[in-house]
Amino acid sequence: MRTSQVAGLQADTARLVVSCRDQQGIIAGVSGLLARLGANIVGSHQYSTDPEGGAFFLRMEFHLAGIDGDRERVRAALAPVVERFQMDSKLVFPGERKRLAIFVSRREHCLLDLLWRWRRHDFEFDLAGVVSNHPDLRYEVEEFGVAYHHVPVEQGRKPQAEQKMIELLAGNVDLVVLARYMQILSGDFLRRIGCPVINIHHSFLPAFMGASPYVQAHQRGVKLIGATAHYATEDLDEGPIIEQDVMRVRQSMSARDLERVGADIERIVLARAVHWHLDDRLFIHENRTVMLG
Amino acid sequence: MRTSQVAGLQADTARLVVSCRDQQGIIAGVSGLLARLGANIVGSHQYSTDPEGGAFFLRMEFHLAGIDGDRERVRAALAPVVERFQMDSKLVFPGERKRLAIFVSRREHCLLDLLWRWRRHDFEFDLAGVVSNHPDLRYEVEEFGVAYHHVPVEQGRKPQAEQKMIELLAGNVDLVVLARYMQILSGDFLRRIGCPVINIHHSFLPAFMGASPYVQAHQRGVKLIGATAHYATEDLDEGPIIEQDVMRVRQSMSARDLERVGADIERIVLARAVHWHLDDRLFIHENRTVMLG
Amino acid sequence: MRTSQVAGLQADTARLVVSCRDQQGIIAGVSGLLARLGANIVGSHQYSTDPEGGAFFLRMEFHLAGIDGDRERVRAALAPVVERFQMDSKLVFPGERKRLAIFVSRREHCLLDLLWRWRRHDFEFDLAGVVSNHPDLRYEVEEFGVAYHHVPVEQGRKPQAEQKMIELLAGNVDLVVLARYMQILSGDFLRRIGCPVINIHHSFLPAFMGASPYVQAHQRGVKLIGATAHYATEDLDEGPIIEQDVMRVRQSMSARDLERVGADIERIVLARAVHWHLDDRLFIHENRTVMLG
Amino acid sequence: MRTSQVAGLQADTARLVVSCRDQQGIIAGVSGLLARLGANIVGSHQYSTDPEGGAFFLRMEFHLAGIDGDRERVRAALAPVVERFQMDSKLVFPGERKRLAIFVSRREHCLLDLLWRWRRHDFEFDLAGVVSNHPDLRYEVEEFGVAYHHVPVEQGRKPQAEQKMIELLAGNVDLVVLARYMQILSGDFLRRIGCPVINIHHSFLPAFMGASPYVQAHQRGVKLIGATAHYATEDLDEGPIIEQDVMRVRQSMSARDLERVGADIERIVLARAVHWHLDDRLFIHENRTVMLG
């Protein structure tokens, strides 16, 4: 089932991911250099927030026979354009995989969905482990051959717990996924963990804040249950939106039924967001996520 | 194109709409009486919020040859069960149509969609006229042969404007539809108008309050644009939800594009809500709408 | 997590499921008897294809204190109405669970989704085992503590294989779920297995027949990928539809990406269909499925 | 309500639309020339079917102060790159609008939706007129100040009818929209009309061919009603798909109700397809539509 096509980049193909200030000649510069290298652009997407000095984002995949033995030559060839446009840039080569940590509390639907996709190579990543403030899901996680770190968050001792997580993970992960982790992470943690954090939460039309959102949604008689995946910021549910979707519910459903529908849509939406992040399709600009491709 | 099937009730068919306190024997009582009348139940939907004294709702359509010349006999036959269960009940006979007033400000998409469905008999109602706080849409409304009442709402003189609307409409309408009417109606108006009021507004995941919701939604990078139709209460956007739906938007869309998608989903959702109300499928219970069928 | 509410019927509640020829007085008859028993109807849904001798379907849940020790009294009380209207009827009491067999070939997404929902009591059923024409998924199934029966289907020896499945299952299962089982079951098997069979397959707009539907869909540039769950009949993909849904795909997706989206929508749709069947909400009428509630 | 933003291109902005064989250096070539002109790329989307000699499509919008008085200089500047890569190319300047003819039979929902969007400048085009094989909709079309050409298609005399349409339209239109035009256009007509033709038709999961698709869909109990917009080819319903969408239906709906839902989804989907075509976002490649942006 696992094929290189699924696993991300195909053989002899690399990905250039760039963000910089928009200015004239960026694409001409990059594609000119790639043409001189003998590379051919396989796919390219760009986005500009404003041609006059706005933010510019580029994701290009290019084919170059033997690129794997030639990484340094490619890097060197692109250096002038990176410098000239003061680009924030990244080159990804075949076989490179991101390293994830998944955080969870007690509800396992999003976690298990990600583990299951990981095992069947639905998308490719390495797993640094699962972190939880509860011991409940240890067995289910270890069955997958994945480490389970129980880090309790005692009342008034969140800094200590976060310190422990930092020690476990910082420098060792490229992405943290909050798969129904019900603790709010401090701004301090988000800065120190040193990598992006993706969160999933329910969304309703209209939004219900506070405890028991499914009970509120049931009382109000909502017709759709939704989920939103976003990058976590200090303001927990307010970071840049990555993906959203909804499912229709029937009137005869109980609040518990709505919650079950919510679990289905949450795991679908979170999986899409993680997948796009792994594919280097996502950029954060102000409070918005730009997706390329 | 207009057929009796579309127009609501088929020939020789009546509709009984009931709400009361839930208690044993209601359906047995109603259906027993109808059986004795020689009527046959064509369709029946019920909903109970709680079997122990909760609220009970019933919508039954039954066939009885010659019912049109026999309305009083049917009413009389049902009277004992209505009394016994202290029902709030209504009988609808073929050809009976509700009378609507449509309120609008300047944005015409919902209004025109309703007028267009009215003219092609998509669903059946009579029109008492269109009320607007602006003169802008007079020509477009009068083209349909419908009266246009311009009732300006001057600063600090809303009570006088509402009084004028009451004089125009009270006692003469069965439903008011707010088709993007941008004034808040007072609780006093809602009580005095003497009929239900349906409103439509945008909904986002998450909800954006305040002015320029489409600009906010664009800045936050939402993926779905939604609309919610609900019964109006004093707390304008908080009444019982009737219907909701969403459309997906593309990242390259501007705030203005989102607004255009919003117009499409608003008119679809409002039309469904009005249609179900005309069909006597909707009941209000606490802050929820119960829909039967 | 497992609560009686989730597990199906609540304590002291039973479900009556009925189909018969439509005729006057059915609901009056049933609800009259229940009232006399002292039972209260908690929820009731009915559907009639035609009041004049069409097919009538009813699903009623009623509350009666101590019903569990009283099953025979309830059955006896309902017998006269069952006989009078020549009903095909079934009573379901709290704690009764259906027994499933799941058939699979090599693609595991639908199977694992059902096993996972089973383990977390998302909905309640017993598992008679998994049957496969391939040995591949034995490990993944046995991890759940579920029996895996490898029944190869050799060229020209399908009758022998089906005979083996009949011996394994007939009389021991209430439902067979084809969770991406890629063999066509004979009409003979469907008759002898003695229980309903639910199948899932991809659906496209327009439909693509034959091999490699995802490649065809990709070549044609479809915008939506769908799935249809239906009761299996001899004409494999043509039985009564239970549920359908779609997901939107992006243009940059490969045929393999479409297949992955297809897997997501297939498991969601199949799970809904199985859930509704377990809840006794589904009736087959001609080539249509009637769903109540 | 009408703003230049809505009307298509903003002031001082032009659009370059290109298709050619994929080869190294295309984007470098185009963007290099534009940079030398002093233009800045505002938005750019490209798609390649295969880097090794596949088909390449590009849609670029660029800003250049005073471009309107400078069209020939821009054309001349781009000529070398157009020639070098043997591009099929088009430049669109602010204020340029496509000219449409709309074909219709008797069902007016798609036609009226387009006329209504035209009048409110939802998107910008000129109207060459409406062509119908029936006289029925003359009044409704002429109300919009649009010419109505009744071209009957008598049995066995389709070539004569098509000849008349060619005389009315050929050389005078940029796009023909079949807004529920129920006659099959001959391959000869499609070649001679000299512009693309967009068609809309219902779509179901599974597809129902032949007469009365809504009756078939109702009998089979479908859960979703869809519509597909596509470019017309000789094989009427088989051309490249532009857009598709679905709406969910309720079980209690009649075949006539399904048809009404179908009308809603048809007009939404057709409007999107026409809009994208007007925006030069669509390219045909083999039997697929490539959409940029």
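Letters A, B, C and D mark the chains as written, and numbering starts fresh at 1 in each.
One rule holds for everything that comes next: contacts are C-beta pairs under 8 Å (C-beta built on N, C-alpha and C of every residue); 3 or more make two chains touch, one makes a residue touch a chain.
Everything numeric here is computed off the predicted structure, so don't read it as measured data.
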Set of chains adjacent to chain A and to chain B: C, D
Classification of the chain B:chain C interface as same or different, half of numbers criterion: same
Farthest chain relative to chain D (centres taken as mean CA coordinates): C
Pair of chains joined by more contacts [C-beta pairs], B-D or A-D: A-D
Rounded Å distance between chain B and chain D, as computed from the means of their C-alpha atoms: 36
Of all residues in chain C, the ones touching two or more other chains: 43, 45, 252
Interfacial residue positions of chain D with respect to chain A in the complex: 22, 24-28, 31-32, 34-35, 38-48, 51-52, 63, 248
Parts of chain C lying in touch with chain D, wherever the complex brings them together: 47, 203-207, 219-224, 226, 228, 237, 240-241, 243-246, 251-252, 286-291
Complex contact set, residues of chain D against chain B: 3, 5-6, 43, 108-109, 112, 116, 120, 122, 143, 250, 252, 254, 256, 260, 264, 268, 271, 293
